[in-house]
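Next, two complexes with chain A in common: one pairs it with chain B, the other with chain C.
Entry: the complex of A and B
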């Protein structure tokens, strides 16, 4: 991939461990992290927050025409997951034989995403496993 | 603030234009708009050029200066506007602002995209940049994927069906058969849509707008001098825009585009009209579900009711409300930077009574609706005949 690896690499702490944040001014949790709270703007007071990794499927699809990076992976499931703490996040839904449905409970897993070319970096992130 | 009118409109044939690059596409549409406005290249004072990803598609940046250069607009100021798939509509709004403010009289707004020189996988990646690079594209989500997530939830919450989605594509292809500038001049059936290759379930290939080459241009002038150039100037009654989060999952709702709703409300207020006054509308049907949500968010139907209305033919040419008479993004093609300007061109032709076999009878008030990303930007314009 021609894109600078650093831009993806600098988020690994969030991606590997589902670390988001929360505004102490209004108690709104965020995953992924935001620098500025959407509600409080310049008055936001952001502190890191560990998310449990539990959630449920709010919507889902099967991607059959993938971007370059996932060209060997398609088809794969993508879901919008409502985390139990509130925020919604898009991510892969692991194909473990349980067909995803709206409302299916899921749990975060740490997984390989893709390899950057033949000799490039291996990218990892969270995926969600249906329970 | 001065009233603003469109005095010229131009388009090139949309589609796979193997023999034409950015320059040729822009020149074709631009010259047509100048001829329509009865002005020369030297009359133009300012240019706004909409393009989304000319760098990714053609390796060419600095497209506004290139447009001015190619059209013989010697040494005028020119600015590129990039707002993903809403680049064209956003460029139109900037042109409107610059004429309304009194800074410039004659302004050209162009839009262009040359998309077919790259593979579909490269195009998918380039278009993915309209979403959140770090948290959507990185995770393997494509644009059809994002709209599929909206479609699935819309079907779940409101009982919208795949047949209703397919009916949007069928209608827009039917309209495109009557448009000589359209990419697809071929009727399709609901069954063909349902049997087409799956792209991101529940969306199939024929639910998706195509990869296209194309350009469009309009010429703007203050309304009080517009008649000097054109017998039927089209007044811009409202030009509004709104944004929302870049990332789909962070929005208040997956089944409405809030930016559209906000921009539309403001546009109705500014133009002093309501949805029932609109005779013809070009909406942003990048995917069939997008047209259904647009019909609801623009106020034509209550939430959850537009799918059934489309299936029953209420939005076909000269029915209850004529939607996407050009063929829309689906039938006419979707060269992303050109789309928002093309929508204005179609409405200008409709309001002048020049739309030939796809003419909406007695069209007086028109609207265009251009969306960027999965709903992060929405631009709405309302127009009326001013003769």
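Entry: the complex of A and C
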């Protein structure tokens, strides 16, 4: 086992459900969450916001030389997704037979991200499925 | 009694054809296809397991019911491939649907009928007014030993049903349910074993057929119903042949089971099998029609349900993709080596 369970636990809501936040002062959404709004500074009014998981591919790449964590996944796609609510999110793009392209519509799916050896935790997270 | 308020199903997009498995073991694909009445089966992605499948089905059910995760008073997940031996799948699902912490949750195991056992448990909680809504899920990434007959059928998929007690919410009333249970060693998997073992032909008559007919006849006895009183019937489907045979034995016609017969195109999704069949049947059922469902779990037991569809079903129909459409539209074929990789049987060194 390599990883501490606390770090997984802290990120569960953002990882499972794309829970970020939004400044109620200027309506700017953020993912991941920010403590202070970039635009409003000390006037920030940050509230939690769950994003729909729908968006489109802003950019992507194919990873052929992966870190050990994903050695059995390679080659795989990593994309920068522009969510329909605005924020850009980096995430795995699922290989569902639809070749990802810039502008391809995607939706969030719930997947395994990483399995910590034979005895450690299973890390679940969002990934994006091309439509 | 409690009724169905919403449902959702999920089947992974990957498929492997019988021919691709038969080629590896030098077996006759045509005779297997004919013998088992199966053409192809679903294969989980490398990053999918019973929990991810349960979550996808649960999210569709929430969307279909037009409820929030926090409306759920209970979440029960039935599976024989829970990702952890100790740490519940149900808590992962509850978190992923944002159900909050004020709910009951547990994992269930009763081979292929743990999901329908969950439906009965939620019915009890709803009928006793302990909860307003509850969710029962059957989800599996079932295992078949390489070269075993099970390898042609053991697949992946799941379905979630939300149950409630208020008539205005229900798309279908569950008017009666019974179970038929005995200690029958037809199929098992010991703690730590990677693959299940089974009694070969013994899984048929003393296992599947005895329990399915036992539960269904008990339902008829207690309700006075007969096969012709039902518009549709769904039976557990370990292959495409058994449900057709048991339907004929009980006096049902092929047209009654066709909408819910999914195994020929997705394989045996174990805990998901009868529930995906029910979801597919509800996709086409009209108000006033009756559906009979009998699940089967090795070990062994069957749960049987008499269900009557309400007029509310049409208003919710377009909220989610119908099961058959999802299964036929979203699929990509893999060969045997990718299948092994997806199942985790081969890894990079």
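Remarks
Definition applied: the second predicted complex is superposed on the first by the 126 of 131 C-alpha atoms of A that agree within 3 Å, B and C clash if a C-alpha of one lies under 4 Å from a C-alpha of the other, contacts with A are read in each partner's own complex, and residues count from 1 in each chain.
Note that a residue touches a chain if its C-beta (ideal position, glycine included) is under 8 Å from a C-beta of that chain, and two chains touch if they have at least 3 such contacts.
Note that the coordinates shown come from a computational prediction; the quantities given were computed from them, not determined experimentally.
In the superposed model, A:62 lies in contact with chain B only, and not with chain C. When the two complexes are overlaid, the chain among chain B and chain C that reaches more residues of chain A is B. Looking at the shared chain after the overlay, A:32 reaches chain B, while chain C stays out of its contact range. With both structures placed on the common chain, the touch criterion links A:72 to chain C but leaves chain B unconnected. Of the two partner chains, chain C is the only one that A:97 touches; chain B does not reach it. When the two complexes are overlaid on their common chain A, residue A:17 makes contact with chain C while staying clear of chain B. Once the two complexes are overlaid on the shared chain, A:7 sits against chain B while remaining clear of chain C. Contacts of A:113 after superposition: both chain B and chain C are touched.
Common to the chain B and chain C interfaces on chain A are residues 71, 73, 92, 113.
Chain A contributes residues 7-8, 11, 32, 38, 58-71, 73, 76, 78-81, 87-92, 102, 113-114, 123, 125 to its touches with chain B in the complex. Residues 13, 45-49, 51-52, 55-56, 59, 83-84, 92, 95-96, 98, 330, 332, 341, 347-348 of chain C are the ones that touch chain A when the two sit in their complex. Residue ranges on chain B touching chain A, taken from their complex, read 120-122, 124-125, 128, 133-142, 144-145, 148-150, 152-153, 156, 197-203, 245, 247-250, 254. Those residues of chain A that touch chain C in the complex are listed here as 12-13, 16-17, 50, 71-74, 92, 94, 96-97, 109-113, 122, 124, 127.
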